[in-house]
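Same chain, two partners: subunit A is paired with subunit B first, then with subunit C.
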Partner chain A sequence: MVGYIIRRLLYMIPILLGVALLVFTLFTTVGEDPVRIALGNHASPEAITELRSKWGLNQPLHLQFLDFLKQIITFDYGRSFNTGEKLSALFAQGALVSLSLTLPPFLLAVMLNVSMALVVAYYRGSIFDRFATAFFIMAMSISYLVYIIAFQYILAFQFDLFPINGYEAGFRAIPYLVLPGIIIIFVSMGPDVRMYRTVFLDEIKSDYVRTARSKGAAEPRVLFKHILKNAMIPILTYTVVAIPFLVLGAFLMERFFSIPGIGDLMINAINTGDFPVLKGLTMYIAIGYSIFNLITDILYAYVDPRVKLD
Partner chain B sequence: MSTQVANNSLGRRALQKLLRQKLTVICFVVIIIYLSIALLGALNLLPDFQARVGESYEPPSLSIAKIFGTDIFGRSVLFKLLAGTKTAISIGFLVTSIAVPIGITLGSLAGYYGGKIDGFVVWLFSVIVSVPYLLMVIAISYVLGKGMLSMCIAMGSIGWVGLCRLIRAEFLKHKEREYVLAARLLGANDYNLIFKQILPNVLHLAIITASLQVLGAIKSEVILTYLGVGVQDGSSWGSMISDATGELVNGHWWPLAGVVITMFFIIYALNVVGDALRDALDPKLVD
Partner chain C sequence: MAQEVLLNVENLVVSFDTDRGKITPVNGVSFQVKRGKTLAIVGESGCGKSVTSLSIMGLIPGANGKIEGGAIEYDGQDLLKFSGTQMRKLRGDKIAMIFQEPMTALNPVYTIGNQIMEVYKLHREMSKKEAFDHALAMLEKVKIPDPKQRMREYPHQLSGGMRQRVMIAMSLACNPDVLIADEPTTALDVTIQAQVLDLMKDLQTDLGTSVIFITHDLGVVAEVADDVVVMYAGDIIERGTVFDIFKDPKHPYTQGLLDSLPKSSDTKNEELQAIKGMVPSLFDLPQGCRFKDRCALAEEACGESSPELEKFSDTHEAACFVTSRNNAA
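Showing the complex of A and B:
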């Protein structure tokens, strides 16, 4: 087990090196020139040279890449081109906002969607099941953007139930986060319930279900006691891997509702060529993704004794 | 004997199964209608969406051009939707035709040869999935210059990962099967084993993935265009939706209604057909 974890952690090195190389190539060598974006098209050559050396862009590429690798190892990505703020502070602040936007709806959505999928799976093949399936496919056929626009327009603008957009620090943020949260839960329903339902139906075909039934276990007991426990394995995998991306926030939400989270930071950085922000964010998310993947595999082996880690 | 086997092939059974489902057939027809609109657009036979047909923001009325009303410049919303259909379908197909061949090739090579090739492919897709999808797509589109083609290349150059994983896993299983060993004993070379023996047995995965890929590309286009990457001349559903935020507040609901309806039918149809294809082609579900 320990050997496995060490090997997996070592395998993260080539992957993160690959991500670093990819990000570096995309943003440094072929992307738009951040100095041009910052100073506009009419800047004097002296000003351009000065900013270039201040941002370390006048060094040869391999040295810039080595610098980037040093930043990754020390978790210090320097300062934002735009604001001059330290990135660690910027990220910590943004991550807190994004997590308070995405984490509560994410947890609620998992519980809600798993319960709904259980109910639908319990009534499998009935009119109710077919109606629910049809409804979810229809709900999935409307663009995410349309839901945001419609919910914002109807609930916030017409009925004035929530603030249209904006954000305040601390607990006063809550009113601003409710409507985006509702939309996140609503949009997750279609794909998630459908997927969990498939997971449950796969389990229902297993031998242990037949055994449980032939022992005389009632259908609800089979469903909640036996099937739910086994189905938690794929559900767990699906859920845990999604966690690092929560930090990224629902950046469309952040844009529509003017919430200053990581997603908003990222889109602004893309539009202004703020490469330190993009490079730092990408590396953080890539590291988070690798670690949570590993956690999933360990949890997998923990909840399912049939899985051996080697 | 051989004809009997052919008549019972997976493809034929799948087709029979699909044709028995009324909803699936209707959805096929819907997809064909959208494809025809896109084809007309490619041949420049669609009405010009840039032309003024009336006043600014006329509500829907009973004439063909104004059935969904007009936009801020007095252009027909319907004509814009038709142009958007061409854009969306082109994007769907372009992305799929980039992603699917890459996915099949890398997936089969990695699964079949194993070793260093497999190590490289696994490393490559592990790197790609570690970076947030939209960040990658936006970054690549910026590098290639804004516009439809670069957006499609960006989506396609990432979209192969899912299919590649599926194909690789199937190849790992199939290359040990008896029919492959038998072919190998008969002297079949690697090319023959990969493309003639194993690939036909896993190709249904590509068909299912492709139908989902078209759908995903259409949905992503809308979001990317809203974020400022992608189609810039207004002939896209995405730009119509992003205009709609301001229009709704002023009571101009019809451009948004038009896009929602137009998008709904094609995405719904692709969803239903994708599901039906999976049910029909996945041998594990054949009963």
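Showing the complex of A and C:
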């Protein structure tokens, strides 16, 4: 097991190296010149040269790339072009905000949606099931934006239950996070419940389910003992790969509710050509994705005895 | 000596609603299972053997399957009138079943021990420790090597033959009155088949279980059965004791099945005669006798009406116009 994890971590090195190369090439060749963005079109040549050397952009490319690799290894991406703040601090702060926005609704949504899917699967084919299916399809076909605006208008503006938007540090952040959280749960419901329901119904057709019934197991036992653990295998795949994206925060949510998370940071960086921020975040996404893939595989081995990690 | 009838299936009709229309894979089937005896149900693939056995278990899928009529009397009570809860109490305790597919019939994510113990948990009040001991004893009974070790293993760690032994252990855990074995050896190698059959026979003698043994292999029937019913496209076309069927088969279909058996006495491999043609589709059944398109004896009359079962002796019945007429002559 430990050997397996170490080997998997080693495999990540060439992959991340590839990603780094790609990111580096993209930002040095394709994007606009960050110096020009920062100084505007009418800057003096001296000012441009000075900023260029300050940001290390006058060095040969291979040295710049080595520099980038060093940044990746030390988790220190230097300072923001814009504000001059240290990126490590900026990222840590943004990640915390994003996670407190997305993690609680994510966990709640998984539990809620799996339970709802179990109930719907239990009553499969009934009027209730059909009504639920129709409801979820309807809910899915309405855009995210409509929910944001409608919930903001009704719950925050009309009924004054939550602040409309904004953010404060520490525990005072909570009231600001509830409404976007509710929307995240609500929006996940349609696709997730339908996906989990399909997984459960696939399992219900299995031979082992017929065996369980032939032993005299009642339907709830068949669902909760026999099917649920088997269904965890596809559900894990679907769920765990979503985790790295939680750190990115829900871009839309952060915009509409003025929450200063990673998503907000990223959009600002794109607007202002703040390359270090973009490069750093892209690498974090790649690393997060690889690590959560590894975690998924370890969890597989945990729920599925047929999977051997070696 | 009158033999006690334990399970009496009367005129059972089962239908399915499918995308292509309604089919009736079991079309008025009657048979009796005697206490402590083995009844074999024989027939080609798709003739309704599994649907018949699932009906007895009360496991016909409610979504598209329906028991249209008939009765399944067990111990004097009609199981078709039982509530879901009543059936559940019976299943796995009084009536148990072994399935065709040993590779997939066990739950892949629970240990063998856990799955056998579950039967006790469902039907017997006992502690975990007692259930464990009982399950272990069952594994010993079905002659699985290293039973203690096996208790902790998962299905994928066992061979097909071993998994089928586990299924047998599980189905016999509560010492049921009736065991339905739906082609328990079809998916296994020949040598393993023989071992599993021997095991089942021994256990039956030990426990006095009545067995419904489903197969399409008449060779197996000769070894295990006391009574035999032969099914064709949802109908029973012949029934009798194992001697009736093997010594004096009446129906051309049964005769055909027997002709296609390799005869062990022959040293040189004589050409096997499989019945020509295919089982008719349930969506498009022929008029009259359902066997007529494949029958060498078929006459015009065979296409006009369906032959009913007729008695040839106290124990022997067959449904064929020509045989009946020849017999009368």
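One rule holds for everything that comes next: the second predicted complex is superposed on the first by the 306 of 310 C-alpha atoms of A that agree within 3 Å, B and C clash if a C-alpha of one lies under 4 Å from a C-alpha of the other, contacts with A are read in each partner's own complex, and residues count from 1 in each chain.
Simple rule for what comes next: contacts are C-beta pairs under 8 Å (C-beta built on N, C-alpha and C of every residue); 3 or more make two chains touch, one makes a residue touch a chain.
From a predicted model like this one, the values you see are computed outputs, not experimental measurements.
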Superposed partners subunit B and subunit C on subunit A - clash or fit: fit
Which superposed partner A:Leu63 touches (first subunit B, second subunit C, both, neither): neither
Which superposed partner A:Ile15 touches (first subunit B, second subunit C, both, neither): first
First (subunit B), second (subunit C), both or neither touched by A:Ser290: first
Vertex subunit A angle, Cα centres of subunit C and subunit B, expressed to the nearest 10 degrees: 70
Between subunit B and subunit C, more extensive residue contact with subunit A: B
Touching partner for A:Ile6 - first (subunit B), second (subunit C), both, neither: neither
Touching partner for A:Tyr153 - first (subunit B), second (subunit C), both, neither: first
Which of subunit B and subunit C A:Ala89 touches, first, second, both or neither: neither
Shortest CA-CA distance between subunit B and subunit C [superposed frame, angstrom]: 8
In the complex with subunit C, residue positions of subunit A that touch it: 124-125, 206-208, 210-218, 226, 229-230, 303-306
Residue ranges of subunit A in contact with subunit B within the complex: 14-16, 18-19, 22-23, 26-27, 30-32, 137-138, 140-146, 149, 153, 157, 245, 248, 251-252, 255-256, 266-267, 270-271, 278, 281-282, 285-286, 289-290
For the subunit C and subunit A complex, residues of the former touching the latter: 57, 59, 63, 88-93, 96-97, 99, 101, 104-110, 118-119, 122-123, 154, 156, 167, 170-171
Contacting residues of subunit B [partner subunit A, same complex]: 123-124, 126-127, 129-132, 134-135, 138-140, 142-143, 219, 222-223, 226-228, 237-238, 241-242, 244-245, 248-249, 256, 259-260, 263-264, 267-268, 271-272, 275
